[in-house]
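What follows is a single structure, and I will ask about it in a moment.
Labels for the chains are A, B, C, D, E and F, by order of writing; each one numbers its residues from 1.
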Amino acid sequence: MTQDARPSGAEIRQRVVGGGNGQQMAQVDPILAPFFETAIEHVWGGLWNRPGLDLKYRSLVVVSVLAAIGQTEELKPHVRGALNLGWTVDELREALLQIGGYAGFPAAHEALDVLSEIGKTVAA
Amino acid sequence: MTQDARPSGAEIRQRVVGGGNGQQMAQVDPILAPFFETAIEHVWGGLWNRPGLDLKYRSLVVVSVLAAIGQTEELKPHVRGALNLGWTVDELREALLQIGGYAGFPAAHEALDVLSEIGKTVAA
Amino acid sequence: MTQDARPSGAEIRQRVVGGGNGQQMAQVDPILAPFFETAIEHVWGGLWNRPGLDLKYRSLVVVSVLAAIGQTEELKPHVRGALNLGWTVDELREALLQIGGYAGFPAAHEALDVLSEIGKTVAA
Amino acid sequence: MTQDARPSGAEIRQRVVGGGNGQQMAQVDPILAPFFETAIEHVWGGLWNRPGLDLKYRSLVVVSVLAAIGQTEELKPHVRGALNLGWTVDELREALLQIGGYAGFPAAHEALDVLSEIGKTVAA
Amino acid sequence: MTQDARPSGAEIRQRVVGGGNGQQMAQVDPILAPFFETAIEHVWGGLWNRPGLDLKYRSLVVVSVLAAIGQTEELKPHVRGALNLGWTVDELREALLQIGGYAGFPAAHEALDVLSEIGKTVAA
Amino acid sequence: MTQDARPSGAEIRQRVVGGGNGQQMAQVDPILAPFFETAIEHVWGGLWNRPGLDLKYRSLVVVSVLAAIGQTEELKPHVRGALNLGWTVDELREALLQIGGYAGFPAAHEALDVLSEIGKTVAA
């Protein structure tokens, strides 16, 4: 695999969750800075930018995982990312409802609350 | 929503994971029988058969959730289901690798072991 | 099992957690509506209304599970439900303390904070 | 609370899961010995032997927790303990099925497999 | 092991997280009181006060566990405890970042937010 | 931070868990190969090789995390790694017992079984 041909983690992150590329936050807080740098280089730049699966599907995977393990805060930017990548609010509602059978209905409920909150800003 | 228009849980389950529809197992073991009946009626018939999201994407959601929460045994039929619904082994490999960043690399490793085992029988 | 003889999910839910039957909320928010409908039909109407175990014991099971997996928000109505079904605040305190040994003392602590908050309103 | 009046952890453990009191195992393996001693003194002797909730209900709490968090091995002696304390196989089947809605159906399935295995030896 | 030679749970707790020894809180709230008493006697007095591993390393273990399982509230006093026992903010930042690979980056992020908040009060 | 000055992920992995550097396994199985490559580059080469915390302490963090989240298979090489880096069997026994209070005694038990098994081969 020619690593060079892959977009950088910062580019991919920008395309998915938009906004800044984390460097601003990284400069502000010396404790969180290494986290953002590491996440950009090794999660965005080591996983998301791999060939073989569309960003849109990677996003659905990540949203499903975060909902299942109850990472509500982290779910928020990734729900926005999923909408950016072409999923509709209704499709994401179905995806999150689906996880109720597998990670429990409370996990689905918590994730749907996040979607509901974000969905209102999208519709407005 | 016209519930009547939706396929039954048993039909959907047959389409996704194939094989029996669970009734055979249900008849054999009086402790597991109510579980299979309930799962078919309320998970397959209450979630999977809903309109609004393709089975193929529901399958990716379920595979992601099971990998994230370490439900390795339950993951096996659902990886087969994902292959039945059109995902390739390579796409699933990328999906499971992707979860490493969010639920941890050990969870990804465990799920990829399942995929590797099933992938061999598919290729053979 | 004669499904018809079982009370509906909405009836059981009313008996356990009281208040509305979820339809009010369901009408307000198009993202949460399918969740409440599904939970009423498939969790309340697929699990809680089964014969073979008293509602009071089903409630203890659910409270224990929610405390163990850290679903604090969902725990609140279910602690109220457990009190409605005849458990005392002291019995629930012991139940939640007991889980400390199995799911860890922080999980017990978090659940006891919920009980403490609800217990004050009960005593008042 | 007069701690002295409470039965010892070893006595309670004997009453619930029966068999040895762990000291035999403890003598064999120098790595597991401190674990069994600690569990007997601080879990059995610090939680199970408290007044305020019957052993039978404490047992249901523990079975529910272990099923919810997927501690299958630890679930086995506690399912036997629940049967010792008066729960029937059918009641436990309902309790474990109930958790499907809250911790996910795969967790319920895994726990029901344990119950099924133990239930056969009970019936025989 | 001569249990008598071990410091009491209350002494150890005072040395690690400082502040009160929990008895004040215990007297205020009849629901939380048994929890604090039990935690002091059976966690602080049954685990932390054991010989064989320095308090400083036990603290790192507990911080790692709480970060991994997402017990953010409980993490706060234990991060302060880790600083009391001699770990630096930078060492803890590295420890929490390290868990990203094993329990997922969102768990690391959540824990680093706690450290960042506490770290500011330490630096000031 | 000068990334160039840091040892490679493969070097660090060799120092901690010894044995091969994963490339052999990677060549054998096309599904697991990208996982091992990614883990070496982005976990070993993105986290373990960072300055600011000794490998020995990073190892204790990882062992604690894996024990807490029940990743028993992944725990095995990391327990061996912890022994390679200078922790004794007795210190690790205390570390794993300590987690009982925070992630539950069953998680501690499961991890101590792993340590017991590996400890025997070390002592022999």
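Throughout what follows, a contact is a pair of C-beta atoms (placed from the backbone, for glycine too) under 8 Å apart; a residue touches a chain by one contact, two chains touch by 3 or more.
Only a predicted model underlies this, so the values are computations on that prediction, with no experimental measurement involved.
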Message: Touching both subunit A and subunit B, which chains are there?
response: C, D, E, F
Copies subunit D and subunit B - interface residue numbers shared by over half, same or different: different
- prompt: Most remote chain relative to subunit F, going by C-alpha centroids?
  reply: C
- prompt: Of the pairs B-C, C-F or E-F, which one shares over half of its contact pairs with A-B?
  reply: E-F
Field: Geometric centre distance via CA averages, subunit D-subunit C, whole Å
entry: 22
- prompt: Could you state the distance in Å from the CA-based centre of subunit A to that of subunit D?
  reply: 39
Field: Rounded Å distance, subunit B centre to subunit F centre (Cα mean)
entry: 31
- request: Mind checking the centre-to-centre distance between subunit A and subunit F? Centres are C-alpha means, answer in whole Å.
  value: 28
Message: Among all residues of subunit A, which ones touch two or more of the remaining chains?
response: 34, 38-39, 42-43, 46-47, 50, 66, 69-71, 74, 93, 97, 100-107
Query: Considering the complex alone, what residue numbers of subunit F touch subunit E?
result: 39, 42-43, 46-48, 50, 52-53, 57-58, 60-62, 64-69, 71, 74, 90-91, 93-95, 97-103
Task: Could you pull out which subunit D residues touch subunit A in their complex?
output: 100-107
Query: For subunit B, which residues are in contact with subunit C within the complex?
result: 34, 38, 41-43, 46-47, 50
- request: In the complex, go through subunit A and note every residue touching subunit C.
  value: 70, 89, 93, 97, 100, 104-110, 112-113, 115-116, 119
Message: Show me the residue ranges of subunit F that touch subunit B in the complex, using the header's touch definition.
response: 29, 31-32, 34-35, 38-39, 43, 66, 69-71, 73-74
